[in-house]
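Both complexes shown next keep chain A, but they swap its partner, so chain B is in the first and chain C is in the second.
For the complex of A and B:
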């Protein structure tokens, strides 16, 4: 049943690709920081976001640990995160997390996700998770955090 | 459809070749195309809900919405069974990583010993290759708030196979073992064997030579050296507070302090009834991302193998720019010894300044560096004068990152020693993590 469902989705995707692919251009939009709606935070300063993403801040509250979800290499969301938040190259980013775990400052690095859908599902399933997704594909039911008071697409939004 | 399957397969195989710019560009284009197609499919599914209803279980809905719209619904989307399972934490969650290095050194000591330098400084009497440390690092989350860390090293022995019984080929050492309870970001408690947090290098690079820019540590904090206590056995209370935008980090510790051989920690117990204690603090201001400034105070009572006893105070400071273009590290420490029998009070100082620069563009794998270091021990310091080298040294070299996980380094060093001839040497190292 599940295989059939997958095939059906795949057929739809293939048809959509055949019809619409030439018409769809890759949109270069902002990336959004998403969390579960029950997270008691709506806004982060860019400096706070950087501390969270760097693993310097590891708790939202005393009973809620931050879980970082980061896209796998070559995804645009990852490139933007590395460029704007970490200010690191891919190699520096890898070394940063190896060193952080080696210094016993974190038990593990970020969890790697391979699509916006996977990000959305894990954020929904994991209290305290935070992910970066394409702002034009924000998962329904998740909360988009304001960064320095701005939402994606607004003037002054830093993640683009 | 076959074309789509092939199209989808390309990025998967291409991940392994992501370092190739042309491949990366192709993968980026394909990923962008897939994301666009996913979005289009979702739009089509929304237009035809019956098609989506047939897919069970459904992933979180991905909808194209105006980028400026915020979403704060009452409930999170229902995760799939697979996602819910993947999200469940499993304890203990053990992760193992390794570090190692192979070295070559050629020094014009002409068979004479270099003096009380640490073995890891590679100042051997004969030129040749050396097997560096083989290091295993363990980290394991035991619960959401409790984590255990361990670091084990195997170091080749110069006296392997000699003596009776014959000495083994390698020394095994538990370098660090820590169990920590994280109450929150502000307060974390731990017990164990640490790299003493009174020196930046000691807590930033540990035994992973690949992590550090240069081949060797500064002598003031060299493994096997005596100037600063490299290891600390006891308990630590640590945390970080925003402190405005300064991000103040702190460590407060109490432990056994130095052993009778002052290069070692009191692993099997303290050698006297005076606990060592330390306070360390540093700031990382938001406004200057990459900057770290800090200082420490350490207090201990020493009873060394020569039967000397003294009170020891250590004050240290560091100034670090953590980025690579440029990278800048500077540390200073003063060690104050007050003999218990009322002898001469002495102060010994050590410092190093190191800078490096990751070259831009196609040369980004290359990172030239330079370090100047110095240790001064007054002749009146009976604790240090036979076990700490008195010297100045200049080191210049270049690091080449072969991959993201392996590096090759070559450097030239010149040493000027008090009352002894100066010498120089060439050193190379291949270091890696796995």
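For the complex of A and C:
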């Protein structure tokens, strides 16, 4: 009985997902984590990505500092980062970074960028930079990191 | 003369020599400033008429106090040699400036407006220059015009019309003397027709000469020329000038109209006043701004027959070789007795002018409206706001002047409101307006002081400055306004007005940006402000105000509960102490320190600092508001009302001040008044979230739960999910007996506390409303350990009424010094 019930719920959910999928795909593309191609990292676990984005890990290698680029408020990329990686409200996110810098746990907060193009340009120009861009707009010449072994669009990819 | 000390002026260098004196650069050893000292040459000093003329120049000039007129500081006599002490100017005369190339049309208008302004001031005081020419117009390195050499000035009737009538017989005699045949004064090519004919002259003569100057500024060509004085006279008296647009193709028809109107031979057809001419020029400038062209079009070659006037030599009256001053000296020597009579009458006239000028009451209240960022570049907002705030801060140092705070005027930014309306709204007698436009690495700054009654402009000026000169410009504006407000200040008070605490322009700009961000009262602004103040300190480690700004930013960190206050306080203390170490007269720094002591529960120490801050600057609203909060926390509600009112009188339109009034009503348990005041605050600024929050608390205490919940929700949505607002909502749920919702909020706060700071005081309030006394007291103990900012109101906060009488609560109050 419980199995049947589960199957029925699963079927309903699957059908709903199938109907909604094209709409979601059309409006909500995954976001990609991009870095320079010369960064010696191709894959991060989600936990490691959180440590990087929250400023807890500040170096890629002993002499290569992480530079965070985060979109300005209202951008969908920022909303996804706050919701999935930081799990914070907008106000909390600001509070978090002010406190971190005040306590000298980080030299500075994330740099604010205002478009995917600006993100891409800065990543290309700054060794160690990492940004979150719309996966459908990843410019050539940048490396998209796998998260938990997945690329954007793949099943199990966590940033959407 | 070089190296000698005359009176207390040490002569440093020779600046120039003219027919009526030698001018030296000197140092005023008493005030430590550089001045210009003008001596009558020994050959003329023996001549009493020259001396009298010299003194007449001094009296006439001393009656004038205007930014576009060279200021006279002193007059004296050393070893029989009379001398004048004037402000030392750096730059060049307009004569020299014209000799170095054509002016852009923007420059022409800018300088012309300033000349008109200076003439207007002189004419309003009944003084006619009579010798307006480019050599008598100085342009400082900052682009400020200074009309010089009122040595040929005469005092005429206040109306500025020709002198007639019995009572002015002696003056008329003086005019006869000066303008009698053979003793014509003024450089010939700039003379008015009536001057050339030796007739009575009045202020309109200056406007004609100004028209000639303007013609030359626009075209580099003189309108009236001749190979001899006689032929030049013929040209002035009989010939119409060539339309200036023939010399300069891009010259606007309106400027041409203005020039030709000024050059009307019949003075009844000419501009009647300098202010009328200035209005036309300003209107043209305003219209030109919208279609401004940055480039200056090269002058076309002059038409056949026209002789371009490009070199200094060419501007000298042709073939005369005799200065107007020398004509005068000759005449004065001949008519010595009549000079004495005339001088006496002149002196009486000056005294009369001074009497009427001084009889006007001082303008004892002022609002500086936010300067307009005319270029529209949001990146320059900090500069327009910063200049406004700096001027406000400087003027606030004047004890006899009520100055509206920046925050109380900021809501008028970019509002289309007349000075009269703004003045009535802000209840002040004077309004200062201004605008800032950036052109590359230079800034055009203009300011205008208007007396509200009568909507009358009493001062206006325009500056073109590089970034490095912004500080000096702010100081200059403040000083000039102070002079125009007719308020008598001691030297120390004036020094306080014009002081600034850094010489580093970059540090100053960073500080201005920091204050701008701090004033936003948002987390984003706070984040930027901290960074900018730090940069300002790095630029100038001795910049007291930057440390005070940093202390204020840290106070806000604690107030917003970004971090536990105990973590913030050491850095706040360090910053405030450093500011005071550098400048112990800084009201801002005393206020920051007072805030710290207040929240460290050093009650007497805090009160002393608040009082000191208010003593230093009674117009600083933050000091009054925070002192009012302090008194509220100690249940000294009547005294608190006095302080809140003082803040309100300074800043009636400031949301923070209005909210402080509401806060006092709230803690005094007068909820209807608190609600009304919160609503007034929101009417001023509907996005001022703290007012929603306090309104909700007042509704709740009054028993209006539905309204309270709605307001709490508004606050939470508007703040982007701020933890303090979330906790306040949780308290409201509990008070409204929605226990499930309240516990959800408690859980959410618990989650948040793993990543960001959650003030225990807020959680304690929820437990109180849920009737969980022990948990509430545990949380209050944590708040005590954290030095939570809100604890200072524990004695008066109705939220904690459920705990009163409990020994742990009483102990807490005792340990804070509140019981």
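Definition applied: the second predicted complex is superposed on the first by the 134 of 160 C-alpha atoms of A that agree within 3 Å, B and C clash if a C-alpha of one lies under 4 Å from a C-alpha of the other, contacts with A are read in each partner's own complex, and residues count from 1 in each chain.
The criterion applied here is as follows: a contact is a pair of C-beta atoms (placed from the backbone, for glycine too) under 8 Å apart; a residue touches a chain by one contact, two chains touch by 3 or more.
Quick caveat, the model's predicted, so the values are computed rather than measured.
**Student:** Identify the partner contact of A:124: answer first if only chain B is touched, second if only chain C is, both if each is, neither if none is.
**Tutor:** Only chain B; A:124 stays clear of chain C.
**Student:** Which one hits more chain A residues, chain B or chain C?
**Tutor:** The partner that reaches more residues of chain A in the superposed model: B.
**Student:** Could you tell me if A:159 is touching chain B, chain C, both of them or neither one (first, second, both, neither)?
**Tutor:** Once the two structures are laid over each other on A, A:159 reaches no partner at all.
**Student:** Between chain B and chain C, whom does A:69 touch in the aligned arrangement: first, second, both, or neither?
**Tutor:** The answer is neither, since A:69 touches no partner chain.
**Student:** Using the touch definition from the top, say if A:89 reaches chain B (first), chain C (second), both or neither.
**Tutor:** A:89: touches chain B and chain C.
**Student:** After the superposition on A, what does A:97 contact: first (chain B), second (chain C), both or neither?
**Tutor:** second
**Student:** Starting from the residues of chain A touching chain B, keep only those that also touch chain C in the other complex, and list them.
**Tutor:** 87, 89-92, 94-95, 98-99, 101-103, 108
**Student:** Report the residues of chain A in contact with chain C in the complex, numbered from low to high.
**Tutor:** By the definition above, chain A touches chain C via 86-92, 94-99, 101-103, 108-109.
**Student:** Can you check the complex and tell me which residues of chain C touch chain A?
**Tutor:** My answer: residues 523-524, 526-527, 530-531, 557, 560, 562-563, 567-568, 571, 719-723, 752, 755-757.
**Student:** For a test of understanding, state which residues of chain B touch chain A in their complex under the given definition.
**Tutor:** Touch list, chain B to chain A: 1, 4, 11, 15, 18, 24, 27-29, 31-33, 35-42, 44-45, 51, 54-56, 59-80, 82-84, 86-87, 93, 95, 97, 99, 137, 139-141, 144-145, 147, 149, 151, 176, 178, 180, 182-185, 203-206, 208, 211, 240, 245, 247, 284, 286, 289-290, 323-324, 364, 401, 404-405, 433.
**Student:** Considering the complex alone, what residue numbers of chain A touch chain B?
**Tutor:** Result: residues 1-2, 5-6, 8-10, 12-14, 16-17, 20-21, 24-27, 29-30, 32, 36-38, 42, 47, 50-51, 56-59, 61-62, 65, 72-76, 87, 89-92, 94-95, 98-99, 101-104, 107-108, 115-118, 120-126, 129, 134-144, 146, 151-154 of chain A touch chain B.
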